[in-house]
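Both complexes below contain chain A, partnered by chain B and then by chain C.
Let's turn to the complex of A and B:
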């Protein structure tokens, strides 16, 4: 497993944990999305209560070279509020489904956050100076009596305590009938897509009153519905290319140059089902919960309930690699169906782009139950299971690999399948774009791990 | 929800899976954020799979009972069956172990579309039964016991299969012209020449509850599947309960104009079911009103209320043929 020492093996250490300590989880605090910005300096989380919390990494202290900067709260704001659709008598949840950062163009930061129906562009800006010494106004804003003004005074900016302000700059609403599951910013940095169960829309970041529908899989007769869109993403380099995954386990690659409505895919990625694995729940576990392009754009990764698959964009008929995340759950699908865990949507992520290029190490990460998360090294084909837990986690302590005992005699330090806590699930993970720093979200806590620096 | 570290028990009983699935669909209507289309679609697949297995088990059981009770009953006329409709791909049934032959029979049955879905699992049951549904549908009567008649000879291609069972569609066409679906499947054992009628009741009731041609008084109270251990006899004349349920006499043809289902009989079964599953009974009538409209009923509560005019439409052969299999699965009860 990773961490066995030598070479480029990473030794993961606990760094920080954010969030409430007590076991009683307030529903609003459940983390629903985690995303680093393009530099990795900022880390955003969204929760079920509609809030966004942004953490900022401290500047590296030259004297403390043994660890990278810590992440501290930078900004907190209420992104979405619960709404009520009176026409359909439906409540619209405020839960933040996805956050995506825009690349930084000026001093301010911009991100897109979305709930089930509405996408918002937020500007996060700093204010650390304020003007003082107005000629005609008092400090509190009241106008001075003109007769008391005898000299000309030019206001000057003086430092103040840092204030981080978040303001909604655009609201993209009323374009989705079904629940939005994905947003993805195009490599042109001008447009982005939003995907719901049946449709994908293309937006311009500046224009809120219209969007283009580019995929529509709604059948004429809803009773003929057989699949829904589960995730969508733009290609990292080709601004005309995007992919979307379906509940049937397929991925379609579309080229927007081909036609205005991309209902006909350019490529269809699908692996034939293994008939020996057929069960009542085959359709559920083949549903793809996340799709992510590699940084090069040559590969993409998909996550279904039990596995992670790496696809080469040039090969449609099967993935190039398949990694079993928790195959021991295959015999438990019935119980997982009963308790709804089988519907959990796990995400996956690639390691940072710089690492991929420089050191040619390509690792993928995804979550599991019992607060375990897994990493798969594509080069060495080794994998590791780690746990996000407050116990036994002192800063700079190397995480101990975990192992689940599927059957038979349980070895020391192994955990049997029946002991796994299915209420403790890691659905959202993120990898710093440049460093070996990862953010792992348990139900209501955010863990940050770093590799051990020597 | 699974609490912490409770030991995981796994029940693969098709019937409880169906019941769990329906409960999930029902409770999703009251969850915050509206109906989750994705989750309900996945649940409907489980429903379909469980239902197919359940029906195939029932038919296997039926066949076993036929072996034990060779005395036959009066012959029932075989009404005309619709020509094979385009097979919805979803009808590819859950394959039962080891039998690739079953697939062909299944797709054959699937090709008949519409209300003949009952035949799908039937094909998957004992291999001897495979060939039966693949014969072309043709009107006619299959006479029992004896020599002459198209049925006596074994109904064409099936004759070479002893002990064969001949399954025929139960899609009646009312004399009024508007076809509607029947819930019955009539089985002729080509070996013993015993004719059996299997009453399912639910599909018919669901789609015909408002259909004027069906004279069906009972509002979609489904005939529940027999709980394991319940003795249910399927052949005419043997069970008081069944007799009232049979529609029409032999040769009676379509249901239109025939005697309606005896509602008290259905209720008797319903009560028997509800005694075992008390919490489900209150949900079932709600569910029927949803499912009577197919999937659209799930998406919009308002649509379910305005469903009545659609039910007649649902009864049409074309509508049935175009229903996705998962919709049929939802209509299971």
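Let's turn to the complex of A and C:
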């Protein structure tokens, strides 16, 4: 296991947990996305109630050298509201599907947040001083009678308690007939893509009244619909390249230089399937729920229901590595289909990468059930299962690895497959871009773990 | 390019062979309901010498015996087919995809509602079934059936 010894193994410790303790979870509190910004100083969450909460890492305390800064609430705002499209008789959920941060260009921070239909660019800015000493206004804002002014003074800025304000700067609406599943900011930092079930649009961050459609897989006859787009992402370095994944387990890489409409892929990544293994469930469990490029852009990772696959962009016919997340669920597919869990969309993420030192993307993380999450080390081929639970919240105590007993005699400390709580799912996880700090979202709580220092 | 306008396309070129072929393949494998899935275990059973094919109610027991020879996925499929014999008559993909695309659809037509109310003055109005997400079929939606939507004015508990 990771953490079981060895020089470079990470030992994960509990750091913080955010959210209510009670078991009765309100729909609105269900966390729907988690994302660190480019420096890792800020951590954003979105929830089903359309709210965004941003945490900020404290500056490292020199006296407390055994832990990195804690994350505290920095800003919270209502990003999206529920809407009703009367024309189509369609309810539009306010749930935040994705948050993506822009790289910081000035004092303010910018992020894109999206629900099923509308993407918004939010500006988060700090105000820590205010002007005082106006001649014609009192401090409370009331106007003074000019005839009472006998002397003039120059207004000055005086410090005030820090106020963090969020304001919507752009609203990108009315471009998606179907439900937006992904947004991805281009490496040019000027454009971004948004993908729904059947189409992908390209936007300019400054322009809200139009977008370019770059992928359209809607069949002329909807009866012939066989697959939908499940995720899309821009290449981290090539601003002309993006990928999108499908419900059939394929990934298409497209080059925007080839044509305006990228319906023809440049590369098609698909693992051949053994037809004798095919079952009713095959297509459902092959549906890709997330796709993420590695930091270098040489590899990409996909998540389907039971596994994580690493693909080399130079090889289309099969993944270079496959990691089983919870293979023991294969013999539970019937129940998982009945309780709809088979349609759960798990995300995945790479470890952080310090650009100053060439660190390859070597660890992948993804969630599972029973509030378990898994990590796979590509170099050592070792894996570990950890649990996000309030019972483990002793800071600086290394988390104990978990093990699921698939069949046969259950050892002490193992948990049997039938005891797993399928309502406790970890769909969203994020890794700090530079340090070994991870954010793991359970249904309504956010856990932060760090590696043990010293 | 105007927002949301797909280019004109030829369905045949894009999906032609795929769609039809897919349907036929699926149909062949899953058609005949439980008979098809029952075939597989019994074919496997022969080498194990378990004799004659078990009846429907013994199917599950046989499945468990054959777990070594039948993949777990196929065993699960057989279980599902036994519970829902009508499943899979259409290609499995399309049903899910359609349902997914229709997420969020709620219908309420006050005209329909009032007419239905007038027609069924003496009868009880059929109310929506447990699955409120499906397109309205043979029931008439009432305002009570549509779940209340209101934006959360409460601050997130993550921030508290």
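FYI, the second predicted complex is superposed on the first by the 444 of 454 C-alpha atoms of A that agree within 3 Å, B and C clash if a C-alpha of one lies under 4 Å from a C-alpha of the other, contacts with A are read in each partner's own complex, and residues count from 1 in each chain.
Just so it is clear, a contact is a pair of C-beta atoms (placed from the backbone, for glycine too) under 8 Å apart; a residue touches a chain by one contact, two chains touch by 3 or more.
Model, not experiment: these values are computed from the prediction.
**Q** Putting chain B and chain C onto chain A via the overlay, clash or fit?
**A** When both complexes are placed onto chain A, chain B and chain C end up clashing with one another.
**Q** Taking the superposition as given, does A:157 touch the first partner, chain B, the second, chain C, both, or neither?
**A** neither
**Q** In this superposed model, does chain C or chain B come into contact with more residues of chain A?
**A** After superposing on chain A, more of chain A is contacted by C.
**Q** Which partner does A:331 contact after superposing on A: first (chain B), second (chain C), both, neither?
**A** It touches chain B and chain C both.
**Q** Which holds for A:78: it touches chain B only (first), chain C only (second), both, or neither?
**A** Touch partner of A:78: chain C, not chain B.
**Q** For A:421, using the defined touch cut-off, is the partner it touches chain B, chain C, both, or neither? Pick first, second, both or neither.
**A** Once the two structures are laid over each other on A, A:421 reaches chain B alone.
**Q** Check the residue A:247 against both partner chains and state whether it touches chain B (first), chain C (second), both, or neither.
**A** In the superposed model, A:247 contacts both chain B and chain C.
**Q** Quick one: is A:90 in contact with chain B, with chain C, with both, or with neither? Answer first, second, both or neither.
**A** both
**Q** Contacts for A:47 in the overlay, against chain B (first) and chain C (second): which applies, first, second, both or neither?
**A** Once the two structures are laid over each other on A, A:47 reaches chain C alone.
**Q** Just checking: does A:189 make contact with chain B only, chain C only, both, or neither of them? Give me first, second, both or neither.
**A** In the superposition, A:189 touches no partner, neither chain B nor chain C.
**Q** Now for A:225: first (chain B), second (chain C), both, or neither, which partner does it touch?
**A** A:225: touches chain B and chain C.
**Q** So which chain C segment collides with chain B once the two are superposed: 44-52, 98-106 or 152-160?
**A** With the two structures superposed, the offending stretch of chain C is 98-106.
**Q** Could you pull out which residues of chain A sit against chain B in one structure and against chain C in the other?
**A** After superposing on chain A, chain A residues 88-93, 116, 178-179, 197-198, 221-228, 247, 278-284, 331-332, 334, 337-338, 343 contact both chain B and chain C.
**Q** Which residues of chain A touch chain B once you look at their complex with the stated criterion?
**A** Against chain B, chain A makes touches at 85, 88-93, 95, 116, 178-179, 181, 197-198, 221-228, 230, 247, 275, 278-284, 287, 331-332, 334-335, 337-341, 343, 417-423.
**Q** Mind pulling up the chain C residues that touch chain A in the complex?
**A** 1-7, 9-11, 14-15, 18-19, 22, 29-30, 71-77, 79-81, 83, 87-88, 91-94, 96-98, 100-101, 103-108, 149-160
**Q** For the complex, give me every residue of chain B touching chain A.
**A** 1-5, 7-12, 17, 20, 24, 32-34, 36-39, 41-42, 45-46, 49-50, 53, 90, 94-95, 294-296, 299-302, 322-324, 326-327
**Q** Spell out the residues on chain A that touch chain C in their complex, using ranges where they run on.
**A** For this pair, the touching residues of chain A are 18-20, 28-29, 31, 45, 47, 49-51, 53, 73, 76, 78, 81-82, 84, 88-94, 116, 174-179, 197-199, 201, 210-213, 216-228, 247-248, 260-261, 263, 277-284, 330-334, 337-338, 343, 444-446.
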